Amino acid sequence: MRLHLSTWQEVETYLETSKGIIIPIGSTEQHGPTGLIGTDAICAEAVAYGVGEATHAIVAPTINVGMALHHIAFPGTISLRPSTMIKVISEQITCLAKVGFNKFYFINGHGGNIATLKAAFSETYAELEDLQIANATQVECQVANWFMCGSVYKLAKELYGDEEGSHATPSEVALTQYIYPEAIKKAPLSEEVGKGHNIYGAKNFRQRYPDGRMGSNPALATPEHGKMFYDAAVKELSQGYLEFVG
Amino acid sequence: MRLHLSTWQEVETYLETSKGIIIPIGSTEQHGPTGLIGTDAICAEAVAYGVGEATHAIVAPTINVGMALHHIAFPGTISLRPSTMIKVISEQITCLAKVGFNKFYFINGHGGNIATLKAAFSETYAELEDLQIANATQVECQVANWFMCGSVYKLAKELYGDEEGSHATPSEVALTQYIYPEAIKKAPLSEEVGKGHNIYGAKNFRQRYPDGRMGSNPALATPEHGKMFYDAAVKELSQGYLEFVG
Amino acid sequence: MRLHLSTWQEVETYLETSKGIIIPIGSTEQHGPTGLIGTDAICAEAVAYGVGEATHAIVAPTINVGMALHHIAFPGTISLRPSTMIKVISEQITCLAKVGFNKFYFINGHGGNIATLKAAFSETYAELEDLQIANATQVECQVANWFMCGSVYKLAKELYGDEEGSHATPSEVALTQYIYPEAIKKAPLSEEVGKGHNIYGAKNFRQRYPDGRMGSNPALATPEHGKMFYDAAVKELSQGYLEFVG
Amino acid sequence: MRLHLSTWQEVETYLETSKGIIIPIGSTEQHGPTGLIGTDAICAEAVAYGVGEATHAIVAPTINVGMALHHIAFPGTISLRPSTMIKVISEQITCLAKVGFNKFYFINGHGGNIATLKAAFSETYAELEDLQIANATQVECQVANWFMCGSVYKLAKELYGDEEGSHATPSEVALTQYIYPEAIKKAPLSEEVGKGHNIYGAKNFRQRYPDGRMGSNPALATPEHGKMFYDAAVKELSQGYLEFVG
Amino acid sequence: MRLHLSTWQEVETYLETSKGIIIPIGSTEQHGPTGLIGTDAICAEAVAYGVGEATHAIVAPTINVGMALHHIAFPGTISLRPSTMIKVISEQITCLAKVGFNKFYFINGHGGNIATLKAAFSETYAELEDLQIANATQVECQVANWFMCGSVYKLAKELYGDEEGSHATPSEVALTQYIYPEAIKKAPLSEEVGKGHNIYGAKNFRQRYPDGRMGSNPALATPEHGKMFYDAAVKELSQGYLEFVG
Amino acid sequence: MRLHLSTWQEVETYLETSKGIIIPIGSTEQHGPTGLIGTDAICAEAVAYGVGEATHAIVAPTINVGMALHHIAFPGTISLRPSTMIKVISEQITCLAKVGFNKFYFINGHGGNIATLKAAFSETYAELEDLQIANATQVECQVANWFMCGSVYKLAKELYGDEEGSHATPSEVALTQYIYPEAIKKAPLSEEVGKGHNIYGAKNFRQRYPDGRMGSNPALATPEHGKMFYDAAVKELSQGYLEFVG
C-alpha cells in the first residue's frame, strides 16, 4: 500500500490494524561516472515498495534528498544540512504520530544519512514528549539500510570481492540497472580508483576521489545481479519490519 | 533528462549549454474521499517530466512533501513548517547554484506551497549574495503552478463549472487518473460540500471541510480529462520555461 | 483605540466585547528618488488608524520593518529575512492569542510582505495548536493590502493609467504626501524607467531598476490624491474588517 | 533627519559625511493601571528624535516590540523571544552596515531589552566579520538608555524619591504625558504596591506585581515633569551620541 | 555535593530536601600573556565547589565555553554565539526543571556571559511555561559573578588599585594561581597596556588590546592573594545562594 | 598540554609545529544505581589527558554535556538536543579552525554522542567552506570512542563477559573508580536487569531499564580494572591520534 496512492480514509482504515509505516529515504548525489545521481533514492524506494507489498505495510513518499554534503563538489548533487534534515525528519514523523502512527521504519539507501537520521530520531522523541502527544512513549523509529543487510553484503562479497568498494558500488549500480534497465550508463572507468580515505569536506572528497567512486568497480554490475540484490534485501527487510512492528 | 537518472558527468555536459533546471514540487496531503494523498506531487512530477522532454531541460527529483499544515488533521497528510521548507528550498537551490545552475523553474502542484516558495526565493537570493557565489546575481527562481495555467483553468471551467471547487478538484483528480489509472478510487461523496471558507489552522479546516473537499465534485473526473489537462499544462509550461531561461 | 496609547486594563475591557485586532505592517525600503523610505509603514499605519476609528477596533503598534531584501542594494533599506519575519509575526500573534485575541487583521503596505505573512500565518496556527492554547482553533489571520483594494486600484488607474507602475507608485507617494505634507520631495526623475522585469535578488534588482522605481511616475502624485486614496482604503478595509471579525 | 521621511538618495548623501545612525527601541508592554502600553517605545522615539535634531543625525524607525516576556501575563503586552530579537537586531544592523553605516546608537526605553541587545551586538559583530563586509571592523554599537541618564536619574529622585520605583515609574509616565497629553490616564492605584522582587517568568511576575507596577507611584507624574525629563535626556544623549561617533 | 560524582538516586534523594542547584559557568578565552585560557572556568568552578561545600548544595558540571566572541582573534579562544548559548542554557535548565529543580544559581567567571545568560533566562521561563511543566512558575535563575562580589571588588582595589583593570586582571590570575600553582606563567608584560576602549568585534578588540589585557597588570598576582579572593567569594556567594534558595 | 592551562601565546607557539587538537566529550547522565552521573565526561577527560601527555598534543576543555535525551527521565541527567549540539560542536571547531587548527580528535565517552558528532562534522565542513576560511579543505574531524578501542573491548569481555552490558558498564565504572577512588558508590543492584531493548524516547527507556543499567553488572568493577582500561585506551588512542594527525 502506497501512501501517495491512497486516500485519507484508506489511511484511517489502515490505522485500525497497524501503526507501522515504511519511509524510504535516499539521496541525490554523484555515484561515479556510471552511477545514477538518484541511485540511493531509487534503491531505497524499490526495496521499500517490495517490503510494503510483502508485509502489507503502508509506504510513505520517498525522501529523495538527504545528507550528501561531501558530494556537493560534483555537479548534480543536492544535499540538506544535517540540522535541516533533522527538522524535516522530525516534522514528517510528528505529522504521522499525531494521527496514530507509532512505528517508523526508514528504509535507507545512503550511508551518509545514518548519523543524521539517528540524531533526528532522538530529537523527535523529545519533541513528541514535549508536545504531550497521546502515543508519544510508543513512538519508535528504526533505520534499515538495505545495503547493510547480511544477505546483501554476503552476495556483494561473492560477486565482487574487494571491487565492491564503498561508494558507487557495483551492488547499488546493479540494483538501479534492474529497476531502470533503460538508464544503464556506459562510460570509461579509470583503472585506478581512490580508496581508503576518510570522508571530510566536499572539496577534500573530490581531491581524494576524483571521479566520485570510492574503491569500487561498478563495471561489474548487471541487471541480473540487481534482481538478486533486490530479492535479498526485500526478504531480509520484510522480516526486519515484521519484527520491528512486532 | 532526469537528474536522478543521470550521472554527474552528464550534468556537467548539460551545464555547458544550459543553466536551467526544473524542480517539481508537490505535497502529501488529503484530497477528499476519492483523491490520492500524493495528488499534488504526482501531478507536478508528471507535468515536469513532460516539460522536461519538450524542452530538453533537466528535471530534479520531486519534492514530495510541502506546506500542508492546514490538512494535518486528516490522517496521511505530511507537512513541513514554512520555516523548515524555506531551509529545504534554499539548500537545494544553493547546491545547484554552486555548480552553475542559474534558472530554477519550480513546477508546483499545490496552492499551499506558493507563499512559502516565494519567501524561500527571497531568502535564498540574499544568502547566495552573502556566500559570494560567482553567479549569485544571475540566479532566478520562478513558481509555475500547472493548475493556474490559463489553458488549464479554462478547460476546468468548461468541463466542471463551479464544481471544480478549489481542493480535491476534478481537474487534479483527473490528471492523477490519467497517470495512475490503476489507482482510481470510488467512494461515496456527500452531495453537500464545504465551500467558501478561508483557510486557517488544521482543526478549523477539518470542521469546515469535513471530508476534505473544498467545494469540488471530483466524481466528474475521468482519465480522458486528465490527458487533456496534462497536454494543456505541458504545452503552456514548456513555453513558460523557455521564456524564463530565455 | 490604539494599543500603545491604552493601559492593560483598557485592553482587558476591550476583550470583553471584541477579540479582533488590527496590526499595521509596512517596510523600510527605498521608494525611488522622491518616495519616502518609510512609505509602506506610513501608509499602512495611517489607514489602520482610520479603520480603527471607523470600527472601534484596537490597533497594534506598526511593524515598521518587513521583507524588503530585494531593495537592500539601495542605502536606507532595512529588511528582515523571511524566516526571521515568520518568527516575529508568530511571536506577536502568540502573545496576543494567549490573552484572548482571535482575529488578526494585518493592514499591509508592502507587496513584498504578502508571501512571508501568509507563510507566517500557517506556521503560527500550527504552533498555537501545539501550545494547546484555549482558543487555538478560533485564531484567524488575514492580510489586507490597502493598495489592492478595488476602489484604490480603480482610482489609481483613473488618475495615472500605466504610470501607476508597481513600486514607488504615485498612489502610495500621494498618500504619504497627504499624511506628511512637510516631507514632499522634489528630485529629478528620468523619463525612462525600468519596467516589466521580475523581482529576484538585490543586486539584480538594482541593475534593472536603477533609480528604484518600477514603471511608475510618482511626479503625478498630489496630497489631494492622497486624501482620496486614504478615504477609499479606509472605507473598503473598514468593511473588510467588520466582515472578518463577523 | 528621519530615515522613514527620507529618500534613498538623501541617505546616500548623508553617508558622505556621517556613518552614524540612531535606532530607537522600546517595548509594547503593560505599564500599570495608568501607564501606556507603548510607554517605552514612545519615550525612546521622542528622545531619539530630539537627539537626532540636536546632532543632525539620522533616526531609524522605532523598534516598537522588544523583550517583554515577563509582562505577557498582562493583556496587551507583545514580546519577542530573545533569540528572535537577536536576529531582528542583527539583520537590521547588517542591512545598514552593508551600505556604509558604522556607528549604531540604540536609544532604548526598556530595561528588559538591555541584555538581549548586548547579546545581539556580539552576535552581529561576529556575523559581519564572517560576511567579510568591507567595514566590518569599524562597526560599533551602543545602548543608550534614556532612563539611566545621570541627569534623568537625579531628577527622578528629586521629584519622586522612592516612589519612582522601577517599572511604570512616574518619570516615564510623565514623559508620555508630555508627548501625548491627550492620553493621560486616570485610574485608581492601590496604596500597596509590589516591590523588591526579582524578575523571573510571566506568571511569577504577575503574582508578585498584581497591577503591573514595580514599587512606583505614577500618580505623581505631570506633563511638566515630562518636559523636564525630555530635555535632560535629549541633552545628555546628544552629547553621548557625539562622543560615540566621535 | 557534585552532580558528576553522584548517582541519579542520590540526586533523587537530594531533591527531597532542596530544589536548588549551582551551575558554574566560565569561558575559554585568552587572558593576556600570563593568564590561563581557562581562567574564567577555573575560577567559577573553584568558587562553585566552595559554595557547594559550604551550603550542602549540589554543583553541576562546569560550562567551560561561554560567550567570548570578542576574543576569538587570539588563538586558543573558543566561543559560542549568543543564540547558541541561549539554547544551551535553556536546555540544561529544562532537563533539570523537569525532574524538580527550581532554583538555578549560576556562578559566573566571565563578564561577557552576563548579557547572554540573562537573555537565556528570559527565554527559558517562557519555554517552561509553554511546556506546561508542573513547577514552571517556581523556576528562578540568578547570575552570581564572583568577581563582582563587594568583598572581592574591595580587596582587588586595595591590592592593585587601578592596575586591577578589567580583563586578565590580577585578581582572577591570582585565583588561578591559588588553584593551579603548577601553572603559574611568567612572560614579559609591556608597560603600556590598552585601556578605556569599549568592546566591539574581535578584530577591533585585538587592535585596541594587542596583548589581550585590558588595563590590567597581572604581574601583581600571587597565589596568596588568590586564596584571599577565593575565601571572600565563597563566603559572599554562599550567603547569596542561601538567600536565593530561601 | 592543556588548553585551559595555557596562554594564548603558548597556543600560538604550539600551532607552529602542530595543527592537531584533542577535544574530550562526555555526557552528564544517569549511570545506574552505582555509576556516577559524570562517568562519560570523567572517562573521556582522563583518557584525553593521558593521550595528550603521550603525544604532546593540546587538549581542549571537556564538553561535559552531550546528547543524552534518552536518559532525561532520570534525575540529574542533562542533555542537549542534537540540533543544539551540532551548533556547539560547529562553533567550537570554527573558532579553532580560524586560528589554524586543522585536525580535531574528539575523544568520546558516550555512545549516544556518536551520531550527532558525525552529523556535526558534516555540517561544519560545509560551513567552513562557505566561510572561505583559508584552511577549510584541510579541516578533518574524527570521533575516537575510548570504550570501543579493540584492546578495551577485549579486556572487558575477558573480565566481565556478558555482564559488561551496554550502559553503566563495569568497564566505565571501573575507570571512574580509578580516577575518583573517593567516589566509589555502594548501592544494592537488583539481580534482574533490563537488556536487549532498543533505545527510543526517555520515558520508554525508563520503563525498559528501570534502574538505568542496560544489561550490565557494575558491581564487578574495581579501581585496578580501571587502571587497566585507562592504560589500554590511552595507548590505543595515542597511536590513533598520531596516525590521524599524520
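As written, the chain order gives the labels A, B, C, D, E and F, with residue 1 at the start of each chain.
The rule we apply is simple: a residue touches a chain if its C-beta (ideal position, glycine included) is under 8 Å from a C-beta of that chain, and two chains touch if they have at least 3 such contacts.
Since the model is a prediction, treat every value here as computed from it, not as a measurement.
Colleague: Do chain A and chain F, two copies of one chain sequence, contact each other through the same residue numbers, with over half in common, or through different ones?
Modeller: same
Colleague: For the sequence-identical pair chain A and chain D, determine the rotation angle of the Cα superposition and round it to the nearest 5 degrees.
Modeller: Rounded to 5 degrees, the superposing rotation is 180 degrees.
Colleague: Between chain C and chain D, what is the gap in Å from one C-alpha centre to the other?
Modeller: 24
Colleague: Which integer distance in Å separates the CA centroid of chain B from that of chain E?
Modeller: Their C-alpha centroids are separated by 53 Å.
Colleague: Using Cα averages as centroids, what's the distance between chain D and chain F in whole Å?
Modeller: 46
Colleague: Which residues belonging to chain E are in contact with no fewer than two other chains?
Modeller: Each of 72, 81, 87, 132 in chain E touches at least two other chains.
Colleague: Which category does the touching pattern between chains fall into here: line, ring, star, complete, or other?
Modeller: Contact map by chain: ring.
Colleague: Let me make sure I follow the ring: beginning at chain A and going to chain B first, which chains come in turn?
Modeller: In ring order, starting at chain A and going to chain B first, we get A, B, C, D, E, F.
Colleague: Along chain C, where are the residues that touch chain B in the complex?
Modeller: 67, 69-70, 72, 81-83, 86-87, 112, 114-123, 125-126, 128-129, 136-142, 198, 200-204, 207
Colleague: Taking the touch rule as given, give the residues of chain D at its contact with chain C in the complex, in rising order.
Modeller: Those residues of chain D that touch chain C are 2-12, 15, 28, 30-38, 41-42, 60-65, 72, 74-81, 84, 87-88, 91-92, 95-96, 98-100, 180, 183, 185, 187, 212.
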